[in-house]
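Here chain A shows up in two complexes: once beside chain B, once beside chain C.
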Partner chain A sequence: MVKLREFTRNPNIKIGLIMIGILVLIGISSPLISPYDPFQQDLMESLQPPSFKHPFGTDLYGRDVMSRVIWGAWIAIKICVIGVGIAFIVGNLAGAFAGYYGGWTDTIIMRIVDSILAFPFLVLVIAIMAIFGPGLRNLYFAIAVVSWCQFARIVRSKYISEKEADYVMAAKAVGFPDKRIIFGHLLPNAIAPTVVYASLDCALVILLAASLSFIGVGAQPPVPEWGAQIAEGRQLFQVAWWVATFPALGIMYTVIGCSMLGDGLRDRLAG
Partner chain B sequence: MDVLVIKDLSTHFVENKGKVVAVDNVDLMVKETQTVGIVGESGSGKSTVANSILGILPETGEITSGMIRFKGEELRGFSERQMQQRIRGKQISMIFQDPMVSLNPLFTVGTQIVDVMKLHQNLGVRKAKTKAIALFKKVGISDPDKRFYNYPHELSGGMIQRVVIAMAMSCQPSLIIADEPTTALDVTIENQILNEFEKLVTEMRVSVLWIAHDLGVIRRISDYVYVMYAGTILERGKVEAVFRNPLHPYTQGLLRSNPIYHEPKSQIPTITGELSKMPPHGCCFYPRCKIGDEKCLDNNIKLIKVEEDHCVCCRKIEVRENCYEYE
Partner chain C sequence: MSLERYALKRFLEIIPVFFIVLFIVFLMLHFIPGDPAKNILGIMATPERLEQLRETLGLNEPVHKQFYRFIGRLVHGDLGRSIRYMAPITTLIFSRLKVTLSLVLMSAVICIIFSLPISLYAAKKHGKLPDYAVGVSSLLIFSMPEFWTGLLFLNIFALKFGWFPTGGWGSGLLNNMYHLFLPSLILSLFLTALVTRTLRSDMLEVLQKEYIRLARTYGFSEVRIYTKYALKNALLPTITVIGLNLGWLLGSSVVIETVFSLPGIGAMLLDAVIVRDYPLIQGISLVFALAIMLNNYIVDILYGIIDPRIYRE
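Let's look at the complex of A and B:
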């Protein structure tokens, strides 16, 4: 196996890993390190500018923005892990079957993929959220529904090019069943580009989740989701810039971290 | 006893432009402990015969007629699952042409051979490993304990081909199909591997179907030889008979173009033309044949028996007075 040190020699991977690492640490320890309860309202402290007491200021209801941004990190991580995780698994399975078997299996799976991709991304997600109702749990699901397609496409093309390889013929000739060939022999050889895409997709998914929450179909108040926070701070931007800015910086930080990691992994794995 | 009997095998490939006949009514037989060679140029359908036997044709390929009987059982009647569990790798194993790509690049050679043994024999990992290392030693791999943990890219082509041979032997098959296993290797390594292979084959009493385009290798390793051209068998016979007295103009041409039998720097005779255009019926070799005439195209030509264990597919064979004398 390739050692971690070989990976971190790439500066993009190094910086990306550090950034994501810090985010994960903050997310996991959010109950410990957040200075206030993110849901605790204190109307006397409403819209306080950043100070020593409230480093990121407070919002309309007097909640500490820093605590809410820190809790938002945990939600962002959950969205990435669950949303992208489901998409990764479903996309890999679907793409593997489509690519390996070809024919009807391929046609059916890829037409489903095409029809999902034919919808404008946001419209489809809004539709799903409208059907199942807003909320975090449905947000994961909606994100998975739209993003497994790209995984399936990547995996399928990889399987198609890889299945004619001699080692696959050899595996068939020694009598390995299809299941073993698909998952034991081909998957390890085909998974690298999807790992790369997964980390890039995390960036997209965080933006998507924030957009959905911003327009009001994603996480609902008082959940401290970054997009929802920006939506809350939007009207107040003239009087209290800090309410929307700090969650936005949180999004930016996470997206940059994921993109750098993804770019680095692409150079290292897929190149 | 006959290990493998193939009768009237035809395999087609369906391409965009239409149907391509890769194997056309081929009869073939491999007896117990016999090594049978198939020789022919690229594209003559040798590998397709091999893949048809194991049922691992690509999606576009299809066996349209014929019978493949292995140890008295009809393989075409077997389900995919039966083939996987009973035939492939267990009773019939295959060695591929290019050693550098016939192993999975992501696993050590040890893992891969142990996987194969675990698949077909009820062996624990430790037992399989001891057996694998013993096999590695047998096929001439030095330092087998260390090589066991190497990845394919860490080994040379010759080494990997030895590993593949060890893998093919690992489940004591009755038949090994070797699809040009030494073509990608240089001559010294080829020689070593042929030596070890011959030794192992006699020791394990296994039958071999050896596919090659190198007549020297075929002459050395096999007992019986089939000369294949454009999906059909043009000549077959005991190796000594065919090499002593080649009857088909194609076989003669192949032998004549061997550089060993010519002065250095002299022009080596070739078979003109190429294997692409085929007449709709009649002799498939006619467009490149020097002695053929129009009548060769009239009807399909059958193999004719010339002497004991030596048949040829050419209607000129009776009328020709001067057979080409070998050497």
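Let's look at the complex of A and C:
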């Protein structure tokens, strides 16, 4: 087993882990550390610039932008954990079956994957959101439906190259059932590239979710999702730049954290 | 295997995918929870209107018959009629295709203009400050949501300085390019960062090769080594990256068209989502998917032409 110490020697992994760790801490403790209630309107305090009272200023309804950005961290975490989590599990299973069994199983699964990947990522998610209606819960679902495909592709190619290995042959010769070979023997050897991709996919998914909320088909106001907040600050950019800018910084922070972790893991695990 | 056979083989592989894509698009209408007609017209609709809409959408027939009809209409280039615009969807899409295609093409051109020199420079200065600067800025560009960058540029360069129009679509080629400049610049940022990264690392790999060392011992100039010998071989993966990401550009164009209020297909898709014009959503998704499939096919074949090793096994 590789030790954690060996991983954190890579500067990208170290910085990425620290950044995401801080984000998770902020997200989990958001009800405790946010200075105001993110939904509390105070029209007397509308569009106040950043100050000691409101470090990130206030939005049109006088809500504290800092509190809303902090609550947005929790939503971002939920999007990653649920959306990418489902995609990770489904993609690993589908890819494993396709790669291990080959033949018709492989053909059917991979043709479905190819067809879903034929749509532009964003367009298919928009179509799914149009069918099932906007909102956070459908957003998790739509993201999972689209992003399991890449996982399946990665896992499949790994299983194909790995299933001829001696240890698999030996396990087969001993007469282990397929289930045990797939999950007990192959999975630990094939999971590394998908973990790398999961980290990079979180970065993509955060951007995607924000785009969807920005154009109005993702999270709906008053949910303090970062993209939705930028949409609310869109018309106010000239008079109140802070309404749209601080949520954007939240997105950038999260995406940088995830991509650095992903890049670092790729260097570490591939090398 | 010859190039023709390779092209044919790739084409045959696409056919099942094409039918599954058709099926997914067809099913969109049937995945709507509850009664699609009620969903489109709202709860205030009269039973007569609902019945009429069900009839036009063909929802009263058995599902397999509906699918045959869907395919049959497609063969004639008929995607159905939009509920909101009261017009054939094919006509609607064609009228807006120009904007979206120009946007995507112009972004691709901007991407090439910027990423080629930058990545060559970063590879030349490998391990030095400019190399790190390029690395850090590409990470920053990756992380910026493009709709926010769009808003920022729109507010600074169009509203504050008045250098560019705030949106919309002009008339005439030059005027349109002027209108498209800011949107395509923003749209190309992501791809530029990606291509710069890919090309830089491929250049570094190629520069280690024996034939480059040989060229150096011949005393060729660095410019000649970089552009003539190294770039040619490093460019292959880059072409794939650009080609395969044209689809990503097409998807992102939805967001960019919204920010810059361009009358493209993406903006129309969003309109369709807001008024629940499901036939139009189906039509646009299908056209986008077909465009990407065609694009990926062309990229595959081009790749084969450039590097015949791919199919000569």
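We adopt the following convention: the second predicted complex is superposed on the first by the 271 of 271 C-alpha atoms of A that agree within 3 Å, B and C clash if a C-alpha of one lies under 4 Å from a C-alpha of the other, contacts with A are read in each partner's own complex, and residues count from 1 in each chain.
To be clear about the criterion, a contact is a pair of C-beta atoms (placed from the backbone, for glycine too) under 8 Å apart; a residue touches a chain by one contact, two chains touch by 3 or more.
Just so it is clear, the structure is predicted and the values come from calculations on it, not from any experiment.
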Chain C versus chain B on the shared chain A, clash or fit after superposition: fit
Touched partner set for A:177, first chain B, second chain C, both or neither: first
When both partners are placed on the shared chain, which of chain B and chain C touches more of chain A: C
Touched partner set for A:123, first chain B, second chain C, both or neither: second
Touched partner set for A:132, first chain B, second chain C, both or neither: second
Which of chain B and chain C A:260 touches, first, second, both or neither: second
First, second, both or neither for A:230, with chain B first and chain C second: second
Arrangement angle, chain B at one end, chain C at the other, chain A at the vertex (C-alpha, nearest 10°): 90
Which of chain B and chain C A:15 touches, first, second, both or neither: neither
First (chain B), second (chain C), both or neither touched by A:145: neither
Three-chain overlay, closest Cα atoms of chain B and chain C, distance in Å: 12
In the complex with chain A, residue positions of chain B that touch it: 54, 56, 58-59, 81, 83-85, 87-90, 93-94, 96-98, 101-107, 115-116, 119-120, 164, 167
Chain A-facing residues of chain C, complex: 16-17, 20-21, 24, 28, 31-33, 139-140, 142-148, 151-152, 154-155, 159-160, 247-248, 250-252, 254-255, 258, 269-270, 272-274, 276, 278, 281-282, 284-285, 288-289, 292-293, 296
Chain B-touching residues of chain A, taken from the complex the two chains share: 102-103, 164-167, 169-177, 184-185, 188-189
Of all residues in chain A, those that touch chain C in their complex: 111-112, 114-116, 118-124, 126-127, 129-133, 203, 207, 210-211, 214-217, 227, 230, 234, 237-238, 241, 244-245, 248, 251-253, 255-256, 259-260
